[in-house]
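Got a structure for you, questions after.
Letters are used for the chains, namely A, B and C, taken in the order the chains are written, and counting of residues starts over at 1 for each.
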Amino acid sequence: MTLKRRQFLQTSSTIAATLAAGLPLTSRAQDPIKVASIHDLSGLFDLYGKPMEKAMQLAAEEINNSGGLASRMVEIVTYDTQSQMPMYTQFGQQAALKDRVSVVHGGILSASREAIRPVLDRFQTLYFYNTQYEGGVCDRNIFCTGVTPAQSVEVLVPYAMEQWGKKVYTLAADYNYGQIISKWVQKYVQDNDGEVISTDFFPLDVADFGSTIAKIQAAKPDFVMSALVGGAHLSFYRQWAAAGMKDKIPMASTTLGAGNEQQVLTPAEGDGILLAYNYSRELDTPANKAYLERWQAKFGSVDDIHELVTATYQGMLLWAEGVRKAGSADRMAVIEALESGISIQGPGGKITVDPKTHHCVLDVHILEVKDQKMTVVQSFDQRPPTDTAAVCDLEANPNDTTQYEIKV
Amino acid sequence: MDLAVFILLEIIYAIAGLVLISLGLAVVFGMMRVINLAHGEFLMLGGYAAIVSTQAGLNIWLAMLIVAPLTVGLVGLIVERLIIRFLYGRILDTMLATWGLSLCLVGLVTLIFGNTTTGISTPIPALQIGQFQVVGYNLFIIAVAAVMLAGLYALLRFTDWGLIARAAMQNADMSDALGINPSRVYMLTFTFGAALTGLAGGVLAPLTGIVPSIGATYIAKAFITVISGGVAIATGTLSAALSFGLVERITTLLSSPVLGEVALLIAAVLLLRFLPRGITGRFFRGRL
Amino acid sequence: MITTRRAQLILATVAGLAFMLITPLAVDLFTLLNLTIYVILAILALSLGLIWGYGGILCFGQAAFYGLGAYTYAVSAINIGESTAPLLLAIALPAAFAALLGWFMFYGRLSDVYMGVITLAVTLILFKLINATAGDQYVIGIARLNGFNGMHGVPPLNIPGNASAILLPDGLFYVCVACLLLIYLGLRWLLASHFGRVIIAIRENEQRAELLGYDVRWYKTVLFALGGAIAGLAGALFVNWGGYADPGLFSLFQSAQIIIWVIVGGLGTLLGPIVGAVLIHYLTSLIGSPELVSLLSNLLGIGRNLDSNLLLGVILVLFVLLVPRGVVPGVQHLWQRYRIKSGAEKSGDNY
């Protein structure tokens, strides 16, 4: 087999030309503003990701119906990361370099955020992370619109201790989130003169909690604090109820319900568990009712709305407000506009950007699972992200990109 | 005292769990030398069959004990006709094809049910042992595992079908000459193995809940248990489940679930290295 | 025949070099980064293509060496700062581990299925252990292992000896393509050597090779270690591409993917695994891409539940049943038939 030199050169130059043709053109002013939605729409975490993407579609539609931003329309570019962490790197690169989006909303697990955050830092693309998480991310390129431990755990722990007693047994998912949140639980339990008897960690694929339920019984805590995450860990609540423990030792959780898990558990398994979030579908406010109606009209059912979905919707509104104020979708202009401390009224109440931490000041409610719903028990207005604020000051150190961890 | 009883129950439950998830795979491997890597998904399908039919209003016991095995048995029959029968004697190709099948089933079930399904509550109340409360349903699982194991042994040992099946597996040509159709025997055996698996999946569902990818948590353990057990179906599975269940549960109680699983895997690696034909390749030879 | 082989070699080298040199000039940054990951996965596919396709060893845990290489590089690069030693370690450590595992299995004379179980179990052990290191007590030197979240902020490759001269994306692309090309050519040379012939002899008939006086166990162990080294290198390159290492690298899903690449591309060839990796990774990326996601969501909304499992599964089943030899051997076969046919017409032979 032989190949003529001329043929070879022809072929390779054709390939080069084809590749070069894929280069993006410089954007014109009237082109839509591209917004990337990078979520897990399939695989293990799609329970979170699918409705988050819907929230972006709804927000974009509303923005466009009211005339767009800076006289441009908004266009959502949707990526499915399939619950695979390397996909976040890959699609982060694609969004930033090939599709040239103005902002990325996305990331669910802390692992996914940490995979995509350096990519977007490096290629200078604005990033919104709209998930409740363990706190501490200090990075000028990212805005975190979800609740952090100082906002939720700080009110949940004393409330539960007042109801049930001072001896706490913590169960947490064995990754970054669970490790850090369990330290916060310990801190707030100690601050309220209580005691954490034991903290057990479980990798995300553990589904058999028999031995753990035995250990908890032997330890006799006043209540159990659960920071378990994902589908496999739901078995814990089932086995706990099957062992008849639910009526003996009560439970609070920092994670249950954030992905509507209360609808996956039967009432017998879920009722009575205490939670703390910014949002519940049961919030009795005009803003929430209107939001639910708009969602119902667009998607037909509101059953898939949860904490992270509403945080995503609110993240979109915040970003839009930033663009309106800046008069353009340019990254630095929007960051500076957001840093002026702007607020919006979302379904979960008033949300204000904290300029020093790029986190949000927001309302938090103690909720109780009742008949597969999250009923509001007590509300706390406008809680600042004091956990991140204790370690992070982006006004003083704009080049910081660390995620700080609490030392207890 | 109640602690000892409690721990003993936990260990027996761990062993029963291993028997339950492995037995269907053991039938198919022991008799047909086929390793079905879609076995975990057969368990998953059994779970869905039980949960979906319970939610449709069927009695939970009927759903778990009748509907689940029938459904998965039917799936097994279809799979055998469409895929497995072309690959007899090619053990690696069967593994790869069934691995592909396992991915397909996960994808298909996700397509139909999505990634979340509301579970069903266990139909047996909790049990008080001294100061401990245990999952009463665990006793039911132990009983099901024992019945399945004993039933299978009796079936192979005492019935005509068992005799024919064993004959066909040992020497297909000879049994063919004697008027038995080996292709038919293979088909029925695979279907039977799938039905056993469906039963196990249905019975486990109330305790674990169900997601399309749940098979992945079972397949490695089942695979390892069956291979380590060796060729004898009932004795092999039981002896491997005994050793692994014991190692896993004791390590878990002493440390954490992760180290429990790691201990199980290390035990399997060492066992296979030093007994390369599995437990029943060395001991209990000629048993079933 | 020999000239054909030489022509193929020259062609492969020239094509590879041209690809390496021209691409960074011709494409934008995203395409370059994207091509880099394909090249890295191709190296990983080659590692299994070698031990399975030529040594007949089906390893269910090739991802173990990939992950081990990635973590070795990450831990040592964070500790040392300069990247030369970490890169070498990321090749040496997986190779040593593979040698140890190979010794454990081959000297025990385990059969295929049992090797499958052991490699599977070892991968699961590594995955479970590394996944359980999220606590802040799990630190090697100054590098925190970080469990499920993975290790981030790993220093990229630098010019040997000068830690501040780090490689930019085009530099990394050159390195990756050069590695792939060298490995490909090196393996072709190896397989044509005495060692390679013995390995193939063992694959064809282990007992005969043994009776001819070759120590089968030793040959298999060395081959297995070589596969481990290549997979380890791929792992280290992956860390450079993504800037992080996470336990997903060790997962069964990753192992499954490698096996699928090799079987789709073609067992018993070196080009096959490369083609398979590129093809399959392209398909899985396509499933998540904006174009396909919006297309599918317009179709009755079914697309919202479609995941890559279904696609990979269907491909695997179809290939095992219909194209058991894989794409590359299949195409080669067709090409040869075509050549025989057309050659026959030209010379006017009739049968």
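Here is the rule we go by: a contact is a pair of C-beta atoms (placed from the backbone, for glycine too) under 8 Å apart; a residue touches a chain by one contact, two chains touch by 3 or more.
In this text the structure is predicted, and so the values were computed from the model without any measurement.
With respect to chain A, maximal separation of chain centres occurs for B (centres as means of Cα atoms). Counting C-beta pairs in contact across A-C and across A-B shows that the higher total falls to A-C. Taking each chain's centre as the mean of its C-alpha atoms, chain B lies 33 Å from chain C. As a whole-number value, the distance joining the C-alpha centres of chain A and chain C reads 34 Å.
Once the centre of each chain is set as its mean CA position, chain A and chain B turn out to be 38 Å apart.
Annotation for chain B: residues 110, 114-115, 256, 258 touch two or more other chains.
Listed for chain A are residues 42-43, 46, 174, 201, 203, each touching two or more other chains. Shown for chain C are the residues in touch with two or more other chains, namely 128, 131-132, 305-308. Those residues of chain B that touch chain C in the shared complex are 35, 83, 86-87, 91-93, 95-97, 99-108, 110-112, 114-115, 216, 220, 223-224, 227-228, 256, 258, 261-262, 265-266, 268-269, 272-274, 276. Listed in rising order, the residues of chain B touching chain A in the complex are 3, 6-7, 10, 13-14, 17, 110, 114-122, 124-126, 131-138, 206-209, 211, 213-214, 217, 249, 252-253, 256-258, 260.
Residues 42-44, 46-47, 174, 200-203, 205-208, 210-214, 217-218, 231-232, 234-235, 238-239, 241-245, 248, 263-266, 268-269 of chain A are the ones that touch chain B when the two sit in their complex. Residues 58, 104-105, 108-114, 116-118, 120-122, 124-125, 128-129, 131-132, 252, 256, 259-260, 263, 302, 305-321, 324 of chain C are the ones touching chain B in the complex.
Listing the residues of chain A that touch chain C in their complex gives 1-3, 8, 12, 16, 19-20, 22-24, 41-43, 46, 50, 77-82, 84-87, 89-91, 93-94, 96-99, 110-111, 114-115, 118-119, 174-176, 178-179, 201, 203-204, 405.
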